[in-house]
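Below, chain A partners chain B and then partners chain C, in two separate complexes.
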Partner chain A sequence: MTLTDTPSDTVDRPVSSEVPPAAKRQRGRPSWGLWIGVVWLVTLTFMAVFADQLPFIRSTSRVKGAGNFAFGPGAEFWFGSDQLGRDVFARCIYGAQISLRIAVFSILTGLLVGGSLGLAAGYFRGWVDRLVSTVIDVLLAFPALIIALLIVQRTDSLQVSYPDTFGWLSRTWAITFVLALLAIAPLARIVRAQTMSLREREFVLAARSLGASNRRILVREILPNLVPAMTSVLFIGVAVLLVAEGALAFLGYSVKSPTPTWGLLVSESRQRIAEAWWATIMPCVMMFMTVLSFNLIGDRLARRFDIREATL
Partner chain B sequence: MRYALQRLGQFAIVFVVVTFIVLVATRIGSEDPVRDLAGGIASESVLAQVEADYPYLDKPLVVQYGYWLTDFVRGDLGRSYALSQSAVEMFQQRLPATFFIGFWAIVLGLAIAVPLGVYSAYRRDGWFDRITSQVSFGLISFPPLVIAIFLMYLIAVRFSFFPVDSDYVAPWDSPIRHFQNFFLPSLALGLGLAAVWSRLLRADMILTLQSDFVMLARAKGMSPRRVLWGHALRASILSLVTSVALQMSGLVGGAVVVEQLFALPGVGDRLVFAIQSNDVLTLQAITAVLVGIVVLVNLGVDLLYGIIDPRIRAARAMR
Partner chain C sequence: MTPPLQTELRVAEGALLEVENLVTHFRTPRGLVRAVDGVSLGVERGRALGIVGESGSGKTVLSRSIMGLLPRHGLVREGSVRFAGRDLHDLNPKAMRSVWGREMSMIFQDPMSSLNPLMKVGKQITEPLTVHLGLDGQAAVATAVRLLTDVRIPEPERRLEQYPHELSGGMRQRVMIAIALACGPSMLFADEPTTALDVTVQAQILALLGEQRRDRNMSLILVTHDLGVVAGHTDDIAVMYGGKLVEKAPTKTLFTSMKMPYTEALLRSIPRLDQPSHQRLAAIPGRPPDLVNPPVGCRFAPRCPVAQDRCRQEEPPLRPAESPDHLYACWFPVGSPEHARATQGSQPVSVASPARGVEA
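And now, the complex of A and B:
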């Protein structure tokens, strides 16, 4: 709190962050939350990307003599070892590769589709709006988990029945597709609401009276104004999808074992949680920290750009 | 009344569309629909039985849906040939557990959220408000799965009072054992809800407390307690009620995960099994019932608005 309580007579000191001190004081949450989030995500992404090169990350293969949870968390195995003698820390990092890739890919796909739908609905109104809104309502009425399980199961059987046509359709793609589908409706809704308020603004009117085409208004006037809101929604959305992927993996419907994702790691060793808590709790902590970081950053951006109801 | 019928019509459409898509999704690309309905591995006699029960499997999907919907309305939800049990029996056995998880999760969520939300709005930006704000922000980032595992590790594993593998016990049979079996699963779902709801209520409550009628009530000499709980709360719970309805669908998903983790014999457990074993009929029945419940709750909440807030009732009557 010391940072935010800076007296106003020190205003002329150089301000490091982009937020002016006055704005900082208004917000309840101190800004170190944001930096924890950023640092955590940067470190995690760095370790996930360079997992093969970094010396302190083992491979996910079995280590002799470490089986049956022989090692607890310590200097040798940072997060302990699991039933088959694999390093839990290494698996968490390799899991981050997959979990983050799935979540980021699907939120971007969802934003592309949902954003376009919402943009069209909010800008053109009329029958386009009615059509899109109906689609959104139906998508939102689906019990998300059921439809996700159903689609993953169907793509599995498609892949088995038609290996020539659908051979490429691995679980990773199926999950990315499912999560993108689930992200479409909420994203379309937010973009639609934002677009509806933007199209009534003076600068749009000005552009239109200068004879700008619909396309130009959409691309040059409205789209740039959607970017700040969307950035914050993206962060919060990734957090939501990480959780969803965890739930799917827990039910056995994520990427196939032994490829680690966090949800899978959590579900694998939970039967032995009494003897070896680390194999279950550590992936949980990773998941929590990452979700928290995305939420912290998303929330901070939402406050910065003054977006209400930016929840997914 | 007219409004209620209108909304009922809209929700009926959503129900039909969702169940139809599920039917299409389960049947499309299937080489042997009879075998699918039988639940994968089945003997010749079972297959013959399925064919006798469902003579319309070669018809177009829309026609098949028509038959399914008629049966559903008549109360025939299909059966699981693999487990030789009708869907109605299955629901009788398993719906109570799922119902109680969801019900207690909502009750716990509200029991935590309402006092927190009201008090932190009343003492806005005080130390209590700041602490609850931080804590609930952290809780929002806890997936129910992770909360459940932490609860299991920290409480169930240490204290034998709460079982690690729960069982269904009806509250009227043994309230204590019901509590033992349902407290942790419901808390796992309820904590996240409480975090969201207390923030929502706080935001609405702050706005309400600034309005004129609250000031009038205070000026008349009413005690802060009566103003808060009697006047301001009622005017502030609209977003909260909406959120309860919106969370229903997510609650269903959360219940499936928590049921699996605590080994509670609920509908979610059977749903996962039905999907894994490709038991199409059970899957359809469960989806239909769950979607039906979600839709009905939403309808109920919609009608509740009018009761909670007379202004909305008046606005609807004007239309």
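And now, the complex of A and C:
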């Protein structure tokens, strides 16, 4: 068809502004999950941070007459009382402090180390990539739980043998360290893959053709473009590490009682679950809701930023 | 369309860019890909050279190889690239970075993806200014506004605060041109700068490039698959096929007395307004050659209507034609008796009115 044959009405016809129904549904779908997640996490974080100041949160010390699971969940003790007469709700909130701190610190450390490794491997390729990929593969090949147990034991004995140098190395730090170590490999992989695809993008070549140095390209072009993907990975990663802490607690390798974490709370009272379900189930619910919230937010972000779940 | 080329502006000072026997091969699992195989060309200051060829003819690789922008992994790069009196192969990465942007820069095919989506337009223009020229914030912004005005972007101050996704395709390509021009390069590579744009915008962008080239006495290498694009906007044209230069001539000469059947076929495949409607487009049969195992002899021979036995055995050298500065690589060029015999009956390409007009 030549130009003269073009009917003029195709030129003047107004462009339809109708959004296809499928796209509309996608966009307009209420994101209940996201909001539940956000509200839960904000509330929980607020209570955990200001636990000492909030009037409705008891201290975790024993309450006379509440021992031996005297109270079930109710107006007096919201989540009931435990064997030693402590408020389960208060312990859950104080536990949130520690559990969240461990999970967030370790994912951030893991991201810092793994992210740098992945960035270098994905951007420079060549021998850097081969070296980093080998390290990642080795880290992934270790059975995670066994590494965790070994390291926690090691740090325990270090702390006992050299109290002057390693006195600060409490279980909390040991576990943060272990979880960070375990998070390095998967995070490095994701960052490496993302970097590899970003470095081939035309705007990176354009920046290079304008004389930008490697450092400038990494910091100004690639890093900012990694942020959206990494945000969603962070959320999902925190959820995974929360559960991992619980697993360690079950094996007796989490923080030492009476410092509460959710994993520890669950494992402490689980023998008496038949007579006092609340002491076990309530921390479980807390953990469940929190992990669910992180996952809901992470999934939402992943979908928003188009990251395939297979890479996680 | 742009006014005719102002060749009288040219300063006689020898070629700004001289490429000699440039070879660019890639080692791949399939074998050695001979993307660019011994290409020589030169561009004088202020002149525009068009590099034409179909997809896979090596034109993009050639331009990136000249600039030294190819990833080093698996790369074989030989020959010499002399630019403003020095060999670019000898420069270390740091020296290379000071050449990029400041002395030569490039604009790319897809303006949608060649701007960083997460950085404001203003930042992307001022960054090379502060890095290369050491301008401070205010001076850089003032220069950026002037550059955007130069490339005909309305309301430049407002655009500086926008992100690439807020601009249209043509607007983005203008921004890309502004960025490429920011540090006043003496050589600009435009790699299919209009392919991703619609036709009206194409003409504007090409006009803009020509205008900036003249204003800045800058050399331009325009890489494209579209002979129509280079027709009105270049002084010389180099036709590439299968990694080799097959014909090179001043634009006017090429359109009036092309020698290579490939050039002829390229021109024939452009749809034209003076053709009767509902006529099949003339396509070049076959596919571009496999650059891992290029055919023996002339690389175009398997698809060439004129090809004889000699073409399949001996590779034709690049040799001068009667008209000045005209080189071609063909045993039986347009006008030879073999060519006349082979193309008997088919319509000769009328060169009087090639598509989109040669304004020469």
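Methods note: the second predicted complex is superposed on the first by the 281 of 312 C-alpha atoms of A that agree within 3 Å, B and C clash if a C-alpha of one lies under 4 Å from a C-alpha of the other, contacts with A are read in each partner's own complex, and residues count from 1 in each chain.
In the analysis below, a residue touches a chain if its C-beta (ideal position, glycine included) is under 8 Å from a C-beta of that chain, and two chains touch if they have at least 3 such contacts.
On a predicted model such as this, the values are computed, not experimentally measured, just so you know.
For the composite obtained by overlaying on chain A, chain B and chain C can both be accommodated side by side without a clash. Legend: residue contacts after superposition of the two complexes on their common chain; A:51 is shown touching neither chain B nor chain C.
When the two complexes are overlaid on their common chain A, residue A:287 makes contact with chain B while staying clear of chain C. After overlaying the two complexes on the shared chain, residue contacts for A:193 are found with neither chain B nor chain C. Contact with neither chain B nor chain C is seen for A:108 once the two complexes are overlaid on the shared chain.
Measured by the number of chain A residues touched, the leading partner among chain B and chain C is B. Using the contact criterion defined above for the overlaid structures, shared-chain residue A:125 touches chain C, although it does not reach chain B. When both complexes are overlaid on chain A, the residue A:273 reaches chain B alone and has no touch with chain C. Once the two complexes are overlaid on the shared chain, A:208 sits against chain C while remaining clear of chain B.
With the two structures overlaid on their shared chain A, chain B and chain C come no closer than 9 Å at the level of C-alpha atoms.
Chain C contributes residues 67, 69, 73, 97-102, 105-106, 108-110, 113-119, 127-128, 131-132, 176, 179-180, 182-183, 271, 273, 275, 277 to its touches with chain A in the complex.
Residues of chain B that touch chain A in their complex: 14-15, 17-18, 21-22, 25-26, 28-29, 31, 125, 130, 133-134, 137-138, 140-146, 149-150, 152-153, 157, 249-250, 252-253, 256-257, 260-261, 271-272, 275-276, 278, 283, 286-287, 290-291, 294-295. Interface residues of chain A, counted against chain C in their complex, comprise 1-3, 5, 125-126, 201-203, 205-213, 216, 220-221, 224-225.
The residues of chain A lying in touch with chain B in their complex are 28-29, 137-138, 140-146, 149-151, 153-154, 157-158, 161, 239, 243, 246-247, 250-252, 263, 266, 270, 273-274, 277, 280-281, 284, 287-288, 291-292, 295-296, 299.
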